[in-house]
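After the structure tokens below, expect a handful of questions from me.
Chain naming follows the written order as A, B and C, and within any one chain the residues start at number 1.
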Amino acid sequence: MYVSGRAECSNSLVLEGAVILGSTRIRKGTVVFPYVVIGFPVRAKVREFMSSPSFESRELRDLDELSQGSNLGRYNIIRSFSVIYEEVETGDNVELGHHVMVRERTIIGENTVVGSGTIIDGRCVIGRNVSIQSGVYIPIGTEIGDNVFLGPRVVVTNDKYPVSRRLVSTVIEDNAVIGANAVLVAGVRIGEGAVIGAGSVVTRDIPPYKVAYGVPAQVVCSREEYERKKKIYERET
Amino acid sequence: MYVSGRAECSNSLVLEGAVILGSTRIRKGTVVFPYVVIGFPVRAKVREFMSSPSFESRELRDLDELSQGSNLGRYNIIRSFSVIYEEVETGDNVELGHHVMVRERTIIGENTVVGSGTIIDGRCVIGRNVSIQSGVYIPIGTEIGDNVFLGPRVVVTNDKYPVSRRLVSTVIEDNAVIGANAVLVAGVRIGEGAVIGAGSVVTRDIPPYKVAYGVPAQVVCSREEYERKKKIYERET
Amino acid sequence: MYVSGRAECSNSLVLEGAVILGSTRIRKGTVVFPYVVIGFPVRAKVREFMSSPSFESRELRDLDELSQGSNLGRYNIIRSFSVIYEEVETGDNVELGHHVMVRERTIIGENTVVGSGTIIDGRCVIGRNVSIQSGVYIPIGTEIGDNVFLGPRVVVTNDKYPVSRRLVSTVIEDNAVIGANAVLVAGVRIGEGAVIGAGSVVTRDIPPYKVAYGVPAQVVCSREEYERKKKIYERET
């Protein structure tokens, strides 16, 4: 266990085996389970650190000095084996599963849940009340609105012609639902309230309140119709 | 390292860095590798724990008191960075890879192997001699028979119209084979001995001893024919 | 923290919580972050270990004795919660993300990056300057050339008719690009410089410098044309 001298976590509960780096601030009522790393330094700093003289005699304390730390809200749950990089900000009641990685400069809104094994690869903005299921991949620069649902193992991408010099943001607007294992090709915009079926590959923008699926995904009906079917489904025993 | 006073693991080998919570019972001959958590408490208990007075001065011991623990069989192998929740039951010779998560009230039959990075999300019943490859996702309520093979990164789902109020069980019967990265849409039944091709999206029940693939998956031949082709393939150099 | 007496890592930096087994050699300038396991013994040895008399009184030191260790090059970065098995060899400047697993007898060439959550399942040969994004699955026996790009969550397989007695190698030649969540069916050869679109299922060999996508993947254009489109894309604001 290592807690930075610069960290402020007096009103939270940090359990054994945690590594808290930099001027991390963990607010009231948050629990950090065993074996969590918070404030992990960005790549550039690690490279810098490695090129410093007598590097091999350095300690965690020296690495700690490089980290800006992160800022966790109140009543967060951060579960075992998750890693949060520096300059991450979470709202109140954010919850992480196990083996989650959240990279630098990501903002996660209040009441959002990030499922186990999910990777948020940095510089993302994620809204409030978002449900990210297990094993989702969200690349650099992704923008996700409020009340969005990402099913298990959804993959978002940010390079239309890999490997290019241009990364684009994929945008998922409020209230959208993305089915399990769907792939969103770089730069698409999933409109407000749109629904994407499981296993789809989305290559174009999907208009608001439309339901699309397939490879490539095609619009098949409206959200309204989807909700009607859902109601019938919910009534079935 | 933390081993609950209520845990019984005297005939097993629990290596350094393990966190064993609750009245966990680990039977003879089982090995728990470094950095494994067993008996992780369910969400409701974590929430309850967080709302207790002077929460921030609590310790792992207090969390330990909340856990029912789990029940591991004989000669299990539980590898580093895996997490097992409370009320999980494993048969003899069960083997877990690394970074596995098994959530609460799951039963895993004897001789079953759970690959690295796989998530079993709770209340699942998994048979004997099942081979679950790496990175598989199995949601709440899934039922898997004996001798089933799940290829790498198979995704099973449990909500046909996410986000609905009705979760349904997906059933995979004995001797079925599911190819890599296939998606099973909520509530489908994969019949006994059926085979699903890699990358398929299964939207309907697949009859016993049929082979199906595609998006959406269509039946293309019988298991018998598949076995004939397999024999030829096995003979090729 | 446990570092084998047989390990040589005096010119590297091994941070707290690491478990280094066997005659592992970590060369100058490499950093091993907290909670990393290196030299994890292969399955056969674990089974042997478990059947030894008075197994339950053994220690990490006894397990350590079984491990051949691994051989890491100079200036590697091995991040928290990653596992490297025994008999792995990495070139200089290799970088691993978090929650990576690299199994036994794998060779990774210099300047190669292995993204978080990726599994390299053993006996693989991976070239130089390879970029493996997050959550990729690479099975036993896969051969990957130099300068290859594997997008997030690519799945490679090695059994054409699971579960068969014959595993085949999938080959990805130099300069190939594999899009996110694509599946390569066992035994296919992705030709030099070929490009596979995101979400594709590749069931046949793809000739050099061709672009293919879809389920199953079909050749749609040349790499040259792809590069032309890429240049236009890169110029767009």
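What we mean here is this: a contact is a pair of C-beta atoms (placed from the backbone, for glycine too) under 8 Å apart; a residue touches a chain by one contact, two chains touch by 3 or more.
Quick caveat, the model's predicted, so the values are computed rather than measured.
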Arrangement of touching chains [line / ring / star / complete / other]: complete
Rigid-body rotation angle, chain C and chain A, from Cα fit (steps of 5°): 120
Shared interface numbering between chain B and chain A [over half = same, under half = different]: different
Between chain A and chain B, centroid-to-centroid distance (C-alpha), Å: 23
Set of chain C residues in contact with two or more other chains: 17, 35, 81, 99, 117, 135, 153, 181, 215
Residues of chain A touching chain B in the complex: 10-13, 15-17, 28-29, 31, 33-35, 75, 77, 79-81, 97-99, 116-117, 131, 134-135, 149, 151-153, 177, 179-181, 198-199, 214-215, 226, 229-230, 233-234, 236
Interface residues, chain C side, partner chain B - complex: 2, 17, 19, 35, 37, 40, 46, 49-50, 55-56, 58-60, 63, 81, 83, 99, 101, 117, 119, 121, 135, 137, 139, 153, 155, 157, 160-166, 181, 183, 185, 201, 215
